[in-house]
Amino acid sequence: MNAAFALLRRDLSLALRNVGETLTVLAFFVIAATLFPFGIGPEPQILARVATGIVWVVALLASLLPLERLFQAEADEGGLDQLLLAPAPLEALALAKCAALWIGSAVPLIAVSPIVAAMLQLPSEAFGTLLASLLLGTPSLALLGGIGAALAVGARKGSALLALIVLPLAIPVLIFAVAAVEAQIAGLSVRPHLFLLAGFAVFWLTVAPFAMAAALRQAAS
Amino acid sequence: MTGESAAGLSGRELACMRGGRTVFAKLDFGFAPGELVVLRGPNGAGKSSLLRVLAGLVAPAEGTLAWHGADIADDPAGHRARLQYVGHLDALKANLTAREHLRFHAALREVGARDGEAHHIAHALDVFGLAKLADRPARFLSQGQKRRVALARLCVAPAALWLLDEPTNGLDTEGVACLAAAIADKREGGGIVVAATHLDFPGSQARTLTLSPSQ
Amino acid sequence: MNWQALANPTRFKRLSDRLLPWFAGGAALCLVVGLYLGLVASPPDYQQGDSVRIMYVHVPAAWMAMFVYANLAIAAAASLVWRHPLADVAGRAMAPIGAAFTFLCLATGSLWGKPMWGTWWVWDARLTSVLILLFVYIAYMALNSAFDDDTRGARSSAILALVGAINLPIIKFSVDWWNTLHQPASVSRLDGPSIHASMLTPLLLMAVGFTLLFLALALVRMRAGLIERRLAALSYSRSAEAGVASFR
């Protein structure tokens, strides 16, 4: 376990030193969300109706951006071999990379999401649920993204391929995250939705490490 | 060759396939503790592939690889724990210093503070003449200095088997001498060193395994 | 030479030689009779009129979309567990066929939707799930062909096929739930619960015909895939023989 924590610590300190990368993801998130008022008009009622969906869809797209380098950089530099040869289980190391990805890119994104939501006229009583849905939903995206990134190591058409792999599998998360916020706006109970999102996170937490490890092992051979 | 003792690392009838092509086949060898084995052969003869097979990164298409007579396929984790591999890439992050790289590697190899991690790192930096560069980020290091950092990893964690892919690439004479000293030290302690290289290490009695693709 | 790499493909070729005419012939027979019964001999629906005849293609295509994916997942598991080259070839051979059936299901559903719903596309729960299944097929094929080394493509896409297989029920459940939330149901469906016997016979014939067609196409594609592999291996071995080693 020490090895996994050391990897998490190293990746986080690298993320701190390359703040530019995180800022690029955040800028994409804000700019892409800003396009929607231009596309569908600035009427507050219309924006309020679609705000949750926009925030979530754009967050989903933004979460794809750092995936391409997640394992590919390790493979290009030679570090992947060192991870594969570590005595620690590869599953734990892959999970550590996903955790660093989540803390390094999803958490800042969640932090700025209220600003985007406010610009899109999301009713103020829904902010808490939006944050909760992001906190419970983005771990699934990071794990799912980790699977995609591990599968695509060494592939020719990196980023578009990642979108093809990850997006269809992320649809359930999107459905229930948006449903939670809309339930809050409609005055219904949000608990079942949030429980389901947590359930998805647990599901991917059990599946993703094995899928990533299997993908990385065959990527090295 | 097949009659050699089971001590150390031995291969029987090893074959390796890459991308549907047989790189080498029917390879038999036995490397005894304390030995330095130099892999030679032209480009594409399979030196790197053999090193990756020995490391367990690539499963042999045929044959078995054994450590002290026990098949490594039965205990891949144990095999990983006993070896250190330096590939032809340095595996360095531009924004991390030499010391940070070595500290991370020690943690990855499960060498903690209790096992004298700090001492090992200081020793490794010393062996490869990196003491003055220890806190410089890798992006400010020259090619040869980066290679030294990659090789210094060998000294931060114990290992019975070193697998080195073109370890002298980019090294100056002094760097080669550092490596030769480290290898001599490892052999004295009963370690096995397998290296694919074009250079002769000064003062070393090495065995040579020549891989040759016949036309 | 690896016995798996040669011996079994040879046996597979002999077996497929014997099976292929039966599959192809059976498929042709079932599809011709099924289409005649479905499009000409069966009665029109009292509500949907002649549009109901699309069902004889649409419903079996939907079954095939799932059936082929199940086969793909089995081939993927075989490829990962036994590392058998035949499983790799099978996965690569089956995916485009499955994607074609999935697309056929969506296209016929859309054609049926125009007269029935008055629009080419409705976010109906079943159609949406099939659409996502098509996306998974596309991702599989893209990943399979994204590597210079075919074996890597086969292994990577096999892992994806398995991850997809365990995730598809979740997607199905989510989409069904999402659909009931957003749509005040009670739109007439293409596959009603009460099917008259005169409709059942052509429907089953079409389903059997599609299955045989899938088997025939998969066999042909697998044989082509095996020949391709042999060709690649031959061109390699001509350019360079396997290395020999000397140790002193």
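Before moving on, here are some points about what is shown:
First chain written, first letter: the chains are A, B and C, and each begins at residue 1.
By our rule, a contact is a pair of C-beta atoms (placed from the backbone, for glycine too) under 8 Å apart; a residue touches a chain by one contact, two chains touch by 3 or more.
Source: prediction; values computed, not measured.
Every chain gets a centre from its CA atoms, and the centre nearest the mean of all protein CA atoms is that of A. Centroid analysis (C-alpha atoms only) places B farthest from subunit A. Note: centroid distance subunit A to subunit C, computed from Cα atoms, is 31 Å.
Centre-to-centre separation of subunit B and subunit C, using mean CA positions: 47 Å.
A straight line joining the Cα centres of subunit A and subunit B is 37 Å long.
Within subunit C, contacts with two or more other chains are made by residues 148. Across the interface of their complex, subunit A is touched by residues 52, 55-59, 77, 80-81, 83-85, 87-93, 95-96, 100, 104-105, 107-110, 112, 153 of subunit B.
By the touch criterion stated above, subunit A contacts subunit C in their complex at residues 147, 151-152, 154-157, 161, 164-165, 167-169, 171-172, 175-176, 179, 200, 203, 207, 211, 214-215, 218-219.
Residue ranges of subunit C in contact with subunit B, taken from their complex: 2, 148-151, 229, 232-233, 236-237, 240-248. Those residues of subunit A that touch subunit B in the shared complex are 2-3, 5-7, 10, 13-14, 17-18, 76-79, 81-89, 220-221. Every residue of subunit B that touches subunit C in the complex is listed here, in rising order: 1, 15, 17-29, 41, 44-46, 61-62, 207-215.
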